[in-house]
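Each of the next two complexes has chain A plus one more chain, namely chain B in the first and chain C in the second.
Moving on, here comes the complex of A and B:
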């Protein structure tokens, strides 16, 4: 999973801590997470079709999912990660 | 005094120290309409329904900027992928990938798919800003297009965030100093469905693709342009393999100089009727007439004469095909094919009902700009009436004439008039626009139909008031003097030939009459002279008699006088006495003087 953020804003920090918490609780040992700052790597924003930030992209397992926002709505994050059925 | 100074102040206040800087679009007509292009460094909103040409306009703005004005551009597409854009514009002759590899253009497709997205809290569109900023920096872009940014509303549900973020985006674009085009759909009540016009308030252009009477016409209107004057009407435009063409009426240069140059009509006798020299260069000529009376033939003479002078002629045929015209004109001895081969004559055949008036107008303008003709023939203009009302047709012709005049193109329009009572009346609508008006019509008499021509008007030149018979021969058009019959009717065709024969006979008869007249005159003269002689003789003898009598009288007087002398001598003594008696009449004067007579 990749989490794209724009700078270390409070919203970015919130998103990072939220996803870490969820992953540790639900996917311990079964996930890889990279946090990418699009200010540092703007070219990636185009390649990954980033529009809104923060965006968490789940490539695997398919289907591809874009989870946008600061990930504070935990229920929707779980649905987005296909951990819980919609 | 006090009334003057405030006026001065308001005047200087109204004058802008430095106007809005413009960024040329490179689109023909649009730069003229906006007086130099879009506001530089500001966003412009272009809205319109699907398929009205928004994307094309935006892309042309970028491509022209990259190719002509050395201003690289970023195209951010929300609807078409980069690949689709490249393919679509390749059909218009634009090689986008070449521009991309030259770093003159950057394409970025922003894909937002709602089905992939889960919204889980607060977010903003910083990703978009970063992408755009990165693309701008990478090529040093001066121009940016966002097409169609509203697609975001379909992908993301938080419209409050979207609105505030778009507002921020436009401010950001302004701050970056790029000239931007933002496209949007048409809204039901507002200009755009999401009210983008509230944020992009510098320049708003509305595009439209309307169908009227099964004919679609593209139109464009500048709704708003802050700090600049602009045309406010709807202007038609055309999209073809050359891109986009706009035809603003107001840009037709009215400053065209009225030429005093003349161009031949191609028929010498007709030149003679028009002050001996033909039409004015840059003038507009209407040839109207009933079916089959030789309008096209007259036009062919004109076109051929132009080509023979080495001038280019554009023939817009709205009834016949090119080969048909060439074949038909060959029958009157005009070889148009040769002029086509020489590249001096271009025949553009089109069906009037193929497209709307505006599109025709744009097509004609494009042809005129590309071919740069000296003369133009439009044969006929009549069928345009089917495409619009009188006013629209007249407006179109006005614009056409403006176009031709501004380029000093001499234009000949033919017009078919339906055979009716008043041939002149049917063309009144357009004839006022024309500088010269020739009327061709049929005259029916003695089981024949013959053609006659007259010059109804021809501004600024002395022109013939006579009706001429118009003959189509295998060596072209010939004009013949027409005779008026005894009751004033026109005599043409065989009636004319008959009259001519009769006139010859009459002349002969008259000549004979004159001869006999002069002979009798001679006789009279001789008789009179004889009389004069006789009279003279008689007078001479009278004179002789008279002289003789006078002589005798003188002699007798002489005798008398000598007798008197003798008498006087005899009466010498009494002379003093007789004298006062002789003076008596003078005596009265002396009485008045108061002196007594002696």
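Moving on, here comes the complex of A and C:
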């Protein structure tokens, strides 16, 4: 998974904090997470067609999913990550 | 198949669209719900991130609060925005900064660099260190980071962040300083520890940890370093923490069972005035301490050598010029010289020199030269009490720092010198001893002889050494004699005795010898020393003394009888003469009377000879000419020697004046001639010659035993058998004769010698066995006088007279005959038996008495000479004849006769008596 953030905004900070918590709770030992600041690496954001930040992108397992926001809605994140059926 | 493919493709397309729709719905939802910070819009020139309001505020907040300065520049360098830090850095409010050019705050060099960045097209951020000049003129070093903004058409061209380098540079220096300090601390050879204010070690360097057991810090200092000290004082860390500096030089710490000697220094560690702790250094001085310890031991050892040496030692400081100065002196120096050490140290050596003046340069250099050559010299020190001692000195140069020093080692040789002097005196005494000294070894080989031995024996030292003393053996002593001598010596005793030894030239000599064993310290005999005195001369003297004692005895004997004997002879002679004159005597009686007379004459002559040689004959010297004496006796001499012997007389052409008793000289001449005649039994020739001689030198005078001066000589030579050496030794001894018994008295030459000596002359002989013997008489020459020039009184025929004669004679027989003689010649005679009687008669008939005829020797009262004096005092015209056969008071002396006084020896013939009386009266 990749989490695209924009600097040190409170929302980005929260997003990092939330996803870190969900992963540790549900996918401990079975996930890979990279946090990418679009100010520092804008090229990566372009490749992933990021339009809003923060955005979490799940590549594996398919299908690819995008979740935008501070990831504070736990249900929606779990569904977005295909951990819980919709 | 186509349909199938189409369906599949349509299904995929639907799935994709659904996914895109979900994504769009998600985006829509997120934006609607404000759940987005930023949106990314793809554009042809690149993606642009648009931040939403909330996000920008955050950044603004962040920018405003950061300590770096942040500003934005337009492309031309105008400041469009600056945060608060920029306002602080430039020292002015932001509203005065925004709108101004950044270059306005830079020095010229930095302005140029700024322009370069502004016109550069490089997209990458550019850094530049530059200096900002603030509103108050303060300069601030900053690192400026320029980032070009890509937005075209915007006034904003650059974002700039300014980092204040002041703190950073200070920190760099701090880091550097700290590293240095740490490095120093770590690399220091000493152990260095830092404690906190409670005495806990909080830092310790490598060396310090090496001294301690490996326990973690912090630990109490005393626990970490349990120090021991040799003194009661311990390391007082508490004092250090109170602010004192503490030093301990004799600390010891145990490291793995080995003592480590330490010097510990502690000092407070201060920060902002307060004491934060202590810094303690511990320096390992074990090696140095051991070296010091060894040095001290070594120094103590040398000090002990210096102190306890029997020799005097001085450490002298030697200036380039001038007198060396005493820097140290050992106890021998103070003991021997009597000075306290403190009195010596620091004083010039001239103080203890015997010479009072300053030690001169020449002497100092002389000594230095000897010392340099490793030699020794001698000097005399003056002690404190004024006495002097001699020392033998060796000097070594020492290099102790820049100053030159010398060590003088001086051996007291005073006693040795005294011993040497004493030895030298002893050797000189032995060398110069008048006694001959011989040292032999145990084998009896000569090891030493002194010069007296050499001169006595004729053997030189080199000839004698190594020889056995039997070299001198004369053969006089038998084997038993030497055996006794050696037996005594081998018993270890001294032998003394009389030795007759033989010189190198063969002559014998006599010695009194004492031979003693010489012992060494252990009492063993190592040598024998013989001290011998040549007693030849002594024995000679002894013989001479004996001889003179013999002559003295004879003299006393002769003297004792002469007076009476002569009176007897006088009576006999006068009686014979008187009787002979009687008429009608038969020829045989007359002949008998003549024989009696001749015998009496011989007896008188013998008495006279005895008196003469014993020098007791009264001497009547007068000035006379020796030639005349010889001439007057010549005829008589011819008669004595007889026809068989020829007499030749060679007289000196000039008168030979002397002061002598003519009768005695006649006697000498007669004796010599008779002696010569007897030496020529078969006849020969006798030559009498007179002459002069001068004894010019002392040596000649000593040889002849006479005074120096002029002499007249009388020489009698014969052509006889001569005299053998053995005879020569005894020839002048009385009663020595070579003639057959009865032919000679043995008094002739002895008498001649006695007479010569009585005249202060001498007689000697030259022997020649081929040509006979020559005797020569020497008499002192006398200045000629009128009297001497005259001929001796010619014998006149005895004549009588009518004058009155006072005859004084104690011997009645003689007196009676004398009266007959004198009265028969016509004289009137008054008789007196002694002086008293004579004085009485003179009182009565003084006027008539013309002549006093008196014996000199009379038993009682007044003697003849005193009588004559008294009577002549009363009657100066009175004539006096003194007569004597022997006179004890005038024996051997010159008879001094006064005016109108004459002497007539007794006995005399009648003719002589009468002639003398007549001459006296006619005077």
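Convention: the second predicted complex is superposed on the first by the 86 of 86 C-alpha atoms of A that agree within 3 Å, B and C clash if a C-alpha of one lies under 4 Å from a C-alpha of the other, contacts with A are read in each partner's own complex, and residues count from 1 in each chain.
In the analysis below, a contact is a pair of C-beta atoms (placed from the backbone, for glycine too) under 8 Å apart; a residue touches a chain by one contact, two chains touch by 3 or more.
It should be emphasised that the depicted structure is a prediction, and the values quoted were computed from it without experimental measurement.
Once chain A of one complex is fitted onto chain A of the other, the partner contacts of A:68 extend to both chain B and chain C. Ranking chain B and chain C by residues of chain A touched puts B first.
By the touch criterion defined above, A:79 lies against chain B but remains apart from chain C after alignment on the C-alpha atoms of chain A. On chain A, the surface patch touched by chain B in one complex and by chain C in the other comprises residues 6, 11, 38-39, 42, 45-46, 50-54, 63-64, 66-70.
Chain B contributes residues 108, 110-112, 116-128, 130-131, 133-135, 152, 155-156 to its touches with chain A in the complex.
Looking at the complex, you find that chain C touches chain A at residues 19, 23, 26-27, 29-31, 33, 35-42, 46-47, 49, 51, 54-55, 58-59, 62.
Chain contact summary for the complex, chain A toward chain C: residues 5-12, 38-39, 42, 45-46, 50-54, 63-64, 66-70. Residues of chain A that touch chain B in their complex: 4, 6, 11, 14-15, 18, 38-39, 42-43, 45-46, 49-55, 63-74, 76-77, 79-80.
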